[in-house]
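Each of the next two complexes has chain A plus one other chain: chain B in the first, chain C in the second.
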Partner chain A sequence: MKMTVLALLAAAEAIALRQAAEASPVQHVLVQMPLLVLAGVLISWDMRGRRRVWAVPLLLTALTAFLFWMLPRSVDWALTPAGETAKYLSLPLLLGVPLRLSWPWLAPVLRGFLKANVLSMLGVLGFLYTHAPLRICNSYLVSAQQDLGFAFLQLAVVLACIWAVPVLFGHPRWLPSGSAGCSKCGA
Partner chain B sequence: MNTISENYVPGHAAAAPQAGAVKLTMVLSGAVFALMMVFGLLMRAAQGQWIDLDAALFYQLLTAHGAGMVGTAALSGAAIMWYFCGRHLVLSGGIFWAFLGLFLLGVVLILGAIFIGGYGGAWTFLFPLPALSGGAWEAGAAAAFMLGYTAIGVGFLLYYLELGRRIHARYGSLVRALGWNLILGREDNDPPPPAIVAAAAVTIFNSIGIILGAAVLVASLVHLLVPGFEVDALLAKNLIYFFGHVFINASIYMAVTAVYEILPEYTGKPWKSNRLFAIAWNAVLIFVMAVYWHHLLQDVVMPPWMLVVGQLVSYFSGIPLIAVTAFSTFLYVRGSRMTWDLASSLLVLSVAGWSVGSIPASIDGMISVNKVMHNTMWVPGHFHTYLLLGEVVMAFGFMAWLVRGKTISQMDGLDRAAFVTYLAGAAGFVTVFLFSGAASIPRRWAVHYEEWLAHDRIGTLFGGLVVLGTLVFVLRFAARLGRREG
Partner chain C sequence: MAARFLPSVLAAVAGGGILWLATDGARAFTSEAARRLDVLQSPRKVPEVLLEDMASRPVPLLPQAGEVVLVEFIYTVCGDICQIAAADFAEIRDRLQGQGVQVRLLSVSFDPERDTPEQMAIYGDAHEADGIMWTIARPEQKDLSGLLKLFDVTVIPDEWEGFQHNAAIHVISSDGRFSAVYDTDAVEAVVAYLGEAQP
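Moving on, here comes the complex of A and B:
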């Protein structure tokens, strides 16, 4: 119940950021979209992932949705009525939920690989958005595009620290174990 | 002739984890080392005008030689470290096979890019050269080359993720595996052995290097396929040299685990981690990532403080190596009455070669020297010392040890001849490079002036000796692989 309320709060916050998302690509791509994904993760928090065999298809679904919304063209489209509806539905349901349901079943090396890949791709996006000689998203100014590029790089650094600290210094006792699956999900 | 010392820690020598996969990797490594050395020999002979080599082919060979040697040094180093970490950790064989498969896929792509696509932009794929071939190769060839690197990088990432998670599971954290309890004087009933300390350090810095390398590779690929997307050239150069410097250094730091684990069998004294050893490896972890700026000393647009740090860390980075590994090797060997067979001789030589190689490296790391020497043969002189007399010798020493059997005996005539031939050839070869650098002969030139030919020809002769010695080491290893232990 608590997670459902939190999911609804995340979704409501994302919808409330509608105008801010139009004004700034940083708020759109790095605040609103992650909030929608978070809503999907939270809504499925207590669901039981029934079978390991579903992990790979679910992961592929999540990755496909992720790849689609990584494209600058998709970010532009997300500001149109049809695109906005697709965004509000697909990010929680096709990215957040499948990611949550598949994650506990994934092998630790695969999880590490996905995290490393996220860092590399944030670096690539940072490269492209800060140095592209043209407007990648027609809805935003070049200066805003560059802000987004730097925000990608900052996010990469923050995520790298968050993921590296438990590996370097040991898993904090106050956090649930992150590597041995999830009892609630049955993994 | 004697058997393994009874003073040696039991249990260590008995373990032979995934020996089949490691032996196959070492056979492949040995074969590629030999082939790449032949490529190098052809280039030196062409520079000396003893053979006629088309300039385009010269740069293709240069690219294959650089990428092949760096890749194979890393492959052999990874196999060595995997083998010895397997004595202390339970490692997944599937990951090693995936690593090897991705590596071979990368090799196929790289060789195809070079010898079918004509790519000759050097192993450093420095932006924007891959996209500016002047008609020598198509964008597809450069893209295949970078996809090959990406496949190899993914393989290494899987390798380090497996290693890192097993170290984490065994020791609770990477900092404990790095020996922080030893450094801080805390009690530790299960201190990490030297191979684990090295593995933890390499896992950290090479994972960072690979992640950053992947970012610049993909950005360069996007630029190749959509030329409108520019990449900041200075940032790209920083990332490429961070990745490249860390990657090639990691190959030596992985291979040195052979010294830590094998030499105690000969000296009878186990090589244990202590406070100084842990401090040295933690320093290596920082220095190897901070020193890459010495590759950019000629980039005047770099912030000056970075170049100063590059010079200072170049000095400091030799200290942990020489103070700990080289000095410790000297102490372990001194008075141990060890038997000098091919494996022990090569391993001790490798530490000596590695240490000597740090001297020309530090000299070239000085800004005032680098201004004059950076684009001369001095630079290949320094890294060939590290590799020909360091990492490659560690790999050959490990290979000799793998097929040695349980008894240790003095070198026979063929082993001694091969060892002396290789040592004379490698020492002469790198010395000629350094002399050529001091004489301001430029590097990477396919065609040389008349005045430089004597250097090239002497270098070719020494290179021939290196190839001869290598062929004996590799063929001897392959021939003895199927033999029963005795």
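Moving on, here comes the complex of A and C:
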């Protein structure tokens, strides 16, 4: 119940950011979109992905949605009416929910692999968006694109720190146990 | 055994297929690339629109009598890219003039309120657009959004009261179709394209 309310709050907040998303790619890609994913994670928080056999297909579904929304042309498309609807539906239902349902079943090595890939991807994107000589998204200014690049790099540093602590120093006692260091992403 | 792997294989195939379609077969990752590919594959019919040029005369957007029209969207007080693009546009004009290709170059303003004929003439003078082979023109306000939509040109206001836009050279072939997009500095490619179109 509590989680459902939180999920609805996250979704409402994401929809409230409509205008901001149009003006700033940072708000769009790094605030609104993650909020929609978070809504999906929270809504399925208490569901149990009961069978291990579904973990991999669910993870692949989540990865597909993730890669799709990482495409610059999808980000442009998300500002059109059709794309906006697709964004509101697919990010929670095809990324947040499957990620939450599959994560507990993933082996620690696979989780580490996914996290390492997220970090390197953020690094590459950050470099690309800060150095690209042309606009990658037609809907945003060059300066906004560079802001997004720096935000990607900052996020990579923050995530690297968060994920490195349990690996280097063991799991801190004050964090909820049973996860591989990522209590937020549904472990 | 098969039952164990089948869902994963299906998910992987479906996911790969979706991403393949979403990028036009890994060829277009940005909306700019997507528009260029789409125009090449299915040229778009350009409507009959009259523009107003530097001398307040009406000029047709559509090609007349077998010519090809090259269109750039600009605003005259543009600080950076339009100025460089205009220099390249002038070079294309000079090269094509030398080859005797039937072509007309149009710099179309997407800011018709500020870009009056006087203002366009200043821009034309600065870049040696004489109004014969290459002219600067503005659409009527009512035609503007339709044109930007047809050519898939996104114009967004920037921090300095100007605009940023996906600048490019748009080719309207002699059959009246918007059929190719080139980078503003792709002088060689445009000259080669027109050489083939009108040998």
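As a working rule, the second predicted complex is superposed on the first by the 177 of 187 C-alpha atoms of A that agree within 3 Å, B and C clash if a C-alpha of one lies under 4 Å from a C-alpha of the other, contacts with A are read in each partner's own complex, and residues count from 1 in each chain.
Keep this in mind: a contact is a pair of C-beta atoms (placed from the backbone, for glycine too) under 8 Å apart; a residue touches a chain by one contact, two chains touch by 3 or more.
Note that this is a predicted model, so its numbers are computed, not measured.
When the two complexes are overlaid on chain A, chain B and chain C sit side by side with no clash. In the superposition on chain A, A:A82 contacts neither chain B nor chain C. In the superposed model, A:R135 lies in contact with chain C only, and not with chain B. In the superposition on chain A, A:V56 makes contact with chain C only, while chain B stays out of contact range.
When both complexes are overlaid on chain A, the residue A:L119 reaches chain B alone and has no touch with chain C. In the superposition on chain A, A:V167 makes contact with chain B only, not with chain C. Fitting both structures onto chain A leaves chain B and chain C with a minimum C-alpha separation of 10 Å. Comparing the two interfaces of chain A, the one with chain B and the one with chain C have residues 134 in common.
Contact residues of chain B toward chain A in the complex are 92, 95, 154, 157-158, 161-162, 164-165, 168, 172-176, 204, 207, 210-212, 214-216, 218-219, 222, 228-232, 235.
For chain C in complex with chain A, the residues that touch the partner chain are 4, 7-8, 10-12, 14-15, 18-19, 22-23, 28-34, 154, 156, 158-159, 164, 166. On chain A, the positions that touch chain C within their shared complex are 53-54, 56-58, 60-61, 63-64, 67-68, 71-74, 76-77, 134-143.
Contact residues on chain A toward chain B in their complex (touch as defined above): 108-109, 112-113, 116-117, 119-121, 123-124, 126-128, 130-134, 160, 167-170, 179.
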